[in-house]
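Across the two complexes that follow, chain A remains constant while its partner is chain B and subsequently chain C.
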Partner chain A sequence: MTVHEFRTRPGDAKRGDASDGAVLADQVGGRLSRVDGPAKITGAAKYAVEQRLEGLTHAVLVESTIAAGRVRSIDTAAAEASAGVLLVLTPDNILPLRTATDWLGTPPPDVAYCPLARDITFSGQHVAAVVAESFEQAVAAAALVKIAYDEALAIVDLSDPKAGDGIPVDAMTKEWGEAETAFASAPVRICNAYNTPREYQAPMEPHGLIAKWQGDQLTVWEPSQWVDGMARTYAEWFGVPFENVRLVSPYIGGGFGSKAFAYGYGAVAAVAAKMLGRPVKLAVTRPQTFTAYGGRAATRQTVALGADRDGKIQSIVHRGVNETSVDGMWVEPLGSVTSVMYATPNFSSRQNVVRVNTVVPGALRAPGENPSAFGIESAIDELAYEVGIDPLEIRLRNYAEQDPHAKKPWSTRQLREAFAAGAEAFGWSKRSPEPRSMRDGNQLIGWGVAAGTYPVRRAYGEAVVRILAGGSVEVESSSIDMGQGTYTILAQTAAEVVGVPAENVVIKLGDSRYARAGVTGGSRLAGVMTGAVHKAASAALDQLIGLAISDPASPFHALQANTLVVADGRIASPRGNGPEVSIAELLRSVGREHIEAKGDTMPANSTVEDRYKNYTTIAMALPHTEGDYSRYSWCAHFIEVRVDEDFGTVRVSRVVSALDSGRLYNPKLAESQWKGGIIMGIGQALLEEGIVDRRYGRIVNNNLADYLIATNADIPDIEVISVGIPDPHSSVLGGKGVGELGIVGVAPAIANAVFHATGKRVRDLPITLEKLI
Partner chain B sequence: MRDFSYLRAGSVDAAREAAALPGAMLLAGGTTLVDLAKCGVAEPETVVDITHLTGLDTIVIDDRGATIGALARMSTVADHAGIKSGFPAVSEALWQAASAQLRNMATIGGNLMQRTRCPYFRDPSNFPVCNKRSPGSGCSAIGGVTRSHAVLGTSEACIATYPGDLAVALVAFDAKVHLGDRQAAVDDFFLLPGATPEREHAIQPGEVITAISIPGTPAARRSTYLKVRDRQSYEFAAASAAVGVEFEADGRTIRDLRVALGGVATKPWRARAVEEALKGKVLEPEVVRQASLLAVEGAVDHGANHYKIQLAPRVVARAILKMGETA
Partner chain C sequence: MTSKTPTPIQLQINGHRHELEAEPRVTLLDALRDHLGLTGTKKGCDQGQCGACTVHIDGQRVLACLTLAAQAEGRAITTIEGLAGEDGALHAVQAAFLEQDAFQCGYCTPGQIMSAVACIREGHAGSDEEIREYMAGNLCRCGAYPHIVAAVRQAAVEATS
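== the complex of A and B ==
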């Protein structure tokens, strides 16, 4: 068993730089480097499927090759006879499972759950699995499983004539004023359709797991954005108590929304392990990552903007559609940015979902806000040209001084500051307004701007903090670090509160045995967990000081002090008029092995059931408009593109983004996250598209050579500027969301820059060369 | 489990002998063979490892040109001073191919044997129909997703694009493939699909590529490789052109011109019509653009790849004009 814990390294603590002022790297707000970095760089970090277990077996999935129909028969004889094969799982012999509670907390119907399908609703669906002694044996035998189908007609995508208009999602409707009437009578009207294709999370670490049973105890090593939520799913599938499932996920090689749930392949591996009485490893292949779970749904929006001749918006009429699967429901909230970005007296947004033969789509960095921003932030750019106003100016003219939908003041909204700081750094005032008016040889140059936003999602968290005999501090939480920096910011938080160097803090994450945590998604974890650790660490410090003051064996006992200070691991009286001892010396003198405190941010009267619900579903998440304020993070992207006038190729040559994520717990890591989002946005704008063969309803570019994500060569230097101020209404320590914000608005900023460069408006992502040639 | 034999060849002759075995495939850098074996396309019965053969990775530059050993790595050749100065198009084609990791592994001989990226070819379990894999079964690409498919040299049996870059430069400069006792012009080494798309190379069982040679010419010395693609790195060409120009003493009149296309044809595509149209002409932008349209004479699109017919002549023209600028 690997011990997944980190100490910061000596030297890091002094790496604060000018941008964090006087803040030490050790403290919240300091630029401490990632404490898990060396383990990942050197390969010492052991990921889920790298665990070496005695008696490990290997499972390989067999997938449907049709998009719709029914499995008529499965011939497993040849596979079963193949060397090393231990088990061929099919819908006919798989152990029946129970349906689990979903992530929203919806009680499950009392029906059996089978992760292998007889009724086929998409190409690539799991139909069977082969378990063998070796991976190679399992691969070879999987190819011998013969499946006969009765094929039915598939609806392949949103544009399929059979798809229809879909199902209205009333919960998505947002309306005020008389939007249609006001649009019809507006002096300036624009109305266009904007499309985004299927996009995939494409994490560097593909999905997979190792499942091992000991009696009715299940251990699962699986990369997870939600250890407790996934442990609950496994427990409910198998009808064992939640505590019987241990989910271990100390490292995650990227999630981007795709690793928050237990999926069918996890059930397959866990069932196989139970049936065989041996641990089973199932590594999802890269092509399978395109169908074993869902990427971002394809979307279609129409945005109608009615405005006066000064560009002041009078009405927004927005209609959105996203695809979902035949038997699952995914709503990509397309009106989420549309309804809050600009002030308008009249507004209407409605959304439908259309069932097509695909795997149920899922979360991908800023689900909803991302495509929503592509619609509204392209549309306002079109309006700017229509009325002849600078694209930045038109955004300021329509600035929303309060939440136009919730009709509440913003907790903080530094978007005006973001526009100003970004424009200044970019040199926006030097922009030549006419399209096709800037060039360098064959390269047409365009400058575009777009804004982005993401709501502050809040929840409750829990942490255990221990002050150990040696003077170091240990923090435990089942929350996870998928690269965003949880290990590091929690070390900074505990170090600051207790008063020890960050290198003396050990953070343990990603194990469902630890103190509970909700989902790491929706950019909520940092705010939740810094709050919980702050609380637990404060309680531990109180105990430490209490002991020092009151324990007869303490050197401070005679001092009769009201309080003591702890700094750099040493305890002293505030006025320095008494002894000074290290934490270790104090604990030794009072005879304590350690001090432990558990802290959570749940309301005081919370029940055990409340806690379970809070940490294993999102049913108790606090609405971002709860109470007196509306809480969002904000950003503005300024982007330069160079478009080859003959070839249609687009290269992003400059990015300046100014972002408001409130207070930053670690600016270095926040900047990295923002840049990561921007990089992903560049890929989304120019490259990413799941391409469906419409004859078979199958994604044909299901690998990383053909599904194009941005490479280093596609990415210029990116300048990010923090314009946030502490937001006490958003989190305990004043931060807002970081992880998802950066991607929101990048694609429209690029599309707007491409229009400025070429005079061509591309409303269908990605902006590939044939659209501009 | 599907077993195969592994033989490590101790000499070129031993390699030839082993390569003549039924179902034998040579293993050099492995970047194509291992990839194709993983996706179920390559099913060798015998893998003949030639990476331990000595003397096959040398690069010799002399009066006649360059001779590059078959086992020289792509990255080594790309960075070779003599290649960079005498054959810039070759170096540039290599630099723009694949990724740094692949270039460090892949060999020159293996590169010539690279197979198409046609997604239907590469996915036997979902697309059993493919004339390249199963002769006579049909073509899954026709009527499917064709954005990356060829517009030149296609047949009713196959529209798969030749994906490589290096061979495009080689075919422009009349390079030869050394196959032991015989040498084949690169242009002849790559075969059109016709009715037999399963045959991609004019190589016989038991033949081993030992080297390629490129004649040193003024056109090769003044040459470039221009690759156009949506992604700046690690993507196959939407269209590419290898171009070499030799001018008369006036520095403007074209004496010799070499043009070959990549990313648009079923094999590395020499555009002789463009060459002939411009030889003896003074290099003028409009003349070059007009002549470059001849590069796609006879092109046939399959819908989504229509843009290649527009794009390829523009790539050719840009590359030729760039050579003029350096005159």
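== the complex of A and C ==
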């Protein structure tokens, strides 16, 4: 077993840059370089399916080629006779599994679970799997599995005439005032429809796993945004205790919402490993990643804004629809930004879901907030032109001084500051207001603005902190780092609390044997885990100082001090009298191997059951409007586009974004994550679209050459400005969410800039050239 | 002999000779990762679209997923594991990637770095615009592109000074 340990390297900058004042890079708020960086840039970092195991076998999935119907027969003879084949799994011979609890904690129905389908509800569904001695043998044999179907009529997408209006989701309804009446009587009325297509997470590391059984103990190496939640699912599928499943995920090659759950292919690999008595590796192919789990659902919204002639909103009427699968339920909350961004006395938002023959959609960076912002932030731009007010000014004119829905004060809302800082850095005051009024040769230039927001999702976490004999500090947590910087910010937290250099802190993450953590999603992990590590490290420090003061063998014993200080790994009296010794010397003198403290942020009276539920479901997550405040991160994007007048091609040429994520635990890494969100937003605005072949209900661009994500050549320099202030109501150390915020509002800012450049309003993403010429 | 019969293949990787038994249909990428345990070279798409598997063959950047292992026999292969010095000292491009925070999840990173080394060597790192164009074959879903450009620029300047 590889031990995943990181230390900062000598030579890393010790101090943050001038923008951090005197914050040491080692401390919370410092610009420490990624502590997991050296492993990643040298190729030493071992991702999930890169484990080398004795007797490893290789599984390849066989998927449905129809979108609706039933498997009539599966002919496995040729595949079974193929060289190296060990097992061909079908619905007929797979071991029965139990249905697992869902992520909300809903007790499962008492029915068997089969990850291979007889009843087909989407194209690309797993029907069979081939396991062979080598990858090449498995690939070759999988092509020999012959499946005959009885095909039925599929509902291919939202625009299919058979799709209908769908099912109302009452839990999504938000209403106050008399929205429809107020809209009807408003002096200025605009009402438009905004659509977003299917979009995919497309992490660079395709999903996959290695599963290995030893008796009734299962080890799974699988990239995971939720080690404990996925371990629970595997345990429940196989009817073994939670403790019998070890899920290992020290590195995750990108997730963006897609790696929080155990999916059907995971069950296939684990079943095959059990049936064969050998470890099985199953690497989902890139094309299969488009159907082995769901991307962002396609959405439709109508936004009606009623306003007075000064642009002050009197009513918002919002209706949304998202697609879901035939037998699963995914709700993309389309009214989430609509209901909080602007002050309005009258509001109504309702949402339906429509069943179509697709894999059940899933979470993709800012699920809900992202498409929601595309609707409202496009609509208010349209209102600005309608009443002849600057798009920035109209946003300030309708500024929500409190949460309009929850009717509670914001914990912190630096959105006005974001508008000001972004506008200043961008040069917004030089904008010529008329569409098509700025150009450079045959390029039309447009400047657009849009705001974004994301709620502060809070939960609980736990961590173990050890002060080791040599004076170093070790932190263990089953939380994960998929690139957000968990390793680094937790090293900074422990270093600051205990009083050691960050290079003397070892962070161990991504193993269900460690202290538990909930899901890494919804931008909650950093706030949760810095709080937990802070608490555990404080407890460890208290033990250390307690020993130094009271242990008869301590060199400080005679001092009769009330307290001692630890800095740079050395213990001393705060008044400077008495001895100064290293942590290692103290532990040696009192005869201790190490000091260990476990800290968690759970309520003090929590039971064992509470803890299990908290870490393996999201049932105990705290609402962002809990208590006296409404908690959100905020941002404002200012974007310049250049549109070729002849060809309609759009290039983003400049981005300035000002963001309020509260206190930043590491600005260097937070800036990277913000920019990453903005870049994904540029791709969403201009490139990304899952295209359905309407004859077969199949995603035809299921690869990275045809499903276009932004490349380096698509992206200009991006300036990000932090306008956050510490928010004590959002987290222990004052941070709010970072990861999802950056993408929210980018697509409407680009659509608004395209309108400014061309005079054409595109309300269907992505904004491709045929929509402009 | 058929395409499915394992045959001995000798590969010269990072200055060392490696021998393996593999079917002729085994790609260089799978040979590196599955047969030789050199997993620093990543599989992102296995169809030549993402750049995560970029290695150098005789100094040229090549996609290991579109190269059969047998095709690389007798040629000098360099992977991410061979970039740092024998003493572990980071290559200038690696150091620049760390300093500029030119990656997040790290999965596209070995391919980006191998491409960046070649991009500089090819003389295609003369401006940010040129770097963006000649690094466009390496996808990064975390969106580290501006920092990748900064790292390549920094390493290119160091290489010429």
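Everything below uses one rule, namely that the second predicted complex is superposed on the first by the 771 of 773 C-alpha atoms of A that agree within 3 Å, B and C clash if a C-alpha of one lies under 4 Å from a C-alpha of the other, contacts with A are read in each partner's own complex, and residues count from 1 in each chain.
As a convention for this text, a contact is a pair of C-beta atoms (placed from the backbone, for glycine too) under 8 Å apart; a residue touches a chain by one contact, two chains touch by 3 or more.
For clarity, every value in this text was computed on a predicted model and none was experimentally measured.
Colleague: Based on the superposed arrangement, let me know which partner A:665 touches: chain B (first), chain C (second), both, or neither?
Modeller: Neither partner.
Colleague: If you stack the two complexes on chain A, which partner ends up touching A:50: first (chain B), second (chain C), both, or neither?
Modeller: second
Colleague: Is A:290 in contact with chain B, with chain C, with both, or with neither (first, second, both, neither)?
Modeller: neither
Colleague: Going by the contact rule set out at the top, does A:556 touch chain B (first), chain C (second), both, or neither?
Modeller: In the superposition, A:556 touches no partner, neither chain B nor chain C.
Colleague: So, A:647: does it touch chain B (first), chain C (second), both, or neither?
Modeller: first
Colleague: Touching A:143, do we find chain B (first), chain C (second), both, or neither?
Modeller: The answer is first: A:143 touches chain B but not chain C.
Colleague: Looking at A:410, would you say it contacts chain B, chain C, both, or neither? Reply first, second, both or neither.
Modeller: Neither partner.
Colleague: Using the superposition described at the top, determine whether chain B or chain C touches more residues of chain A.
Modeller: Partner touching more chain A residues in the overlay: C.
Colleague: Considering only touches as defined above, state whether A:202 meets chain B (first), chain C (second), both or neither.
Modeller: After superposing on A, A:202 lies in contact with chain C but is clear of chain B.
Colleague: If we overlay the two complexes on their shared chain A, which of chain B and chain C does A:38 touch? Say first, second, both or neither.
Modeller: A:38 sits against chain C, while chain B stays out of touch.
Colleague: Go through chain A and flag every residue that touches chain B in one model and chain C in the other.
Modeller: Residues 83, 134, 136-137, 140, 705, 710-714, which sit in both footprints.
Colleague: Chain A touches which residues of chain C in the complex?
Modeller: 4, 23, 25-26, 30, 33-34, 37-47, 49-50, 52, 79-81, 83-84, 90, 94, 97-99, 101, 103-110, 113, 128, 131-133, 135-149
Colleague: Spell out the part of chain B that touches chain A in their complex, as residue ranges.
Modeller: 1-2, 40, 117, 119-120, 123, 125-126, 143-145, 147, 228-235, 238, 306-307, 310-311, 314-315, 317-318
Colleague: Which chain A residues qualify as touching chain C in the complex?
Modeller: It is residues 33-34, 36-47, 50, 52, 83, 134-137, 140, 201-206, 251-256, 283, 285-286, 482-485, 668-669, 671-673, 675-680, 703-705, 709-718 of chain A that touch chain C.
Colleague: For the complex, which residues does chain A have touching chain B?
Modeller: Result: residues 65, 82-84, 123, 134, 136-137, 140-141, 143, 287, 442, 644, 646-649, 651, 686-687, 691-693, 695-696, 698, 700-701, 705-706, 708, 710-714, 766, 768-770, 773 of chain A touch chain B.
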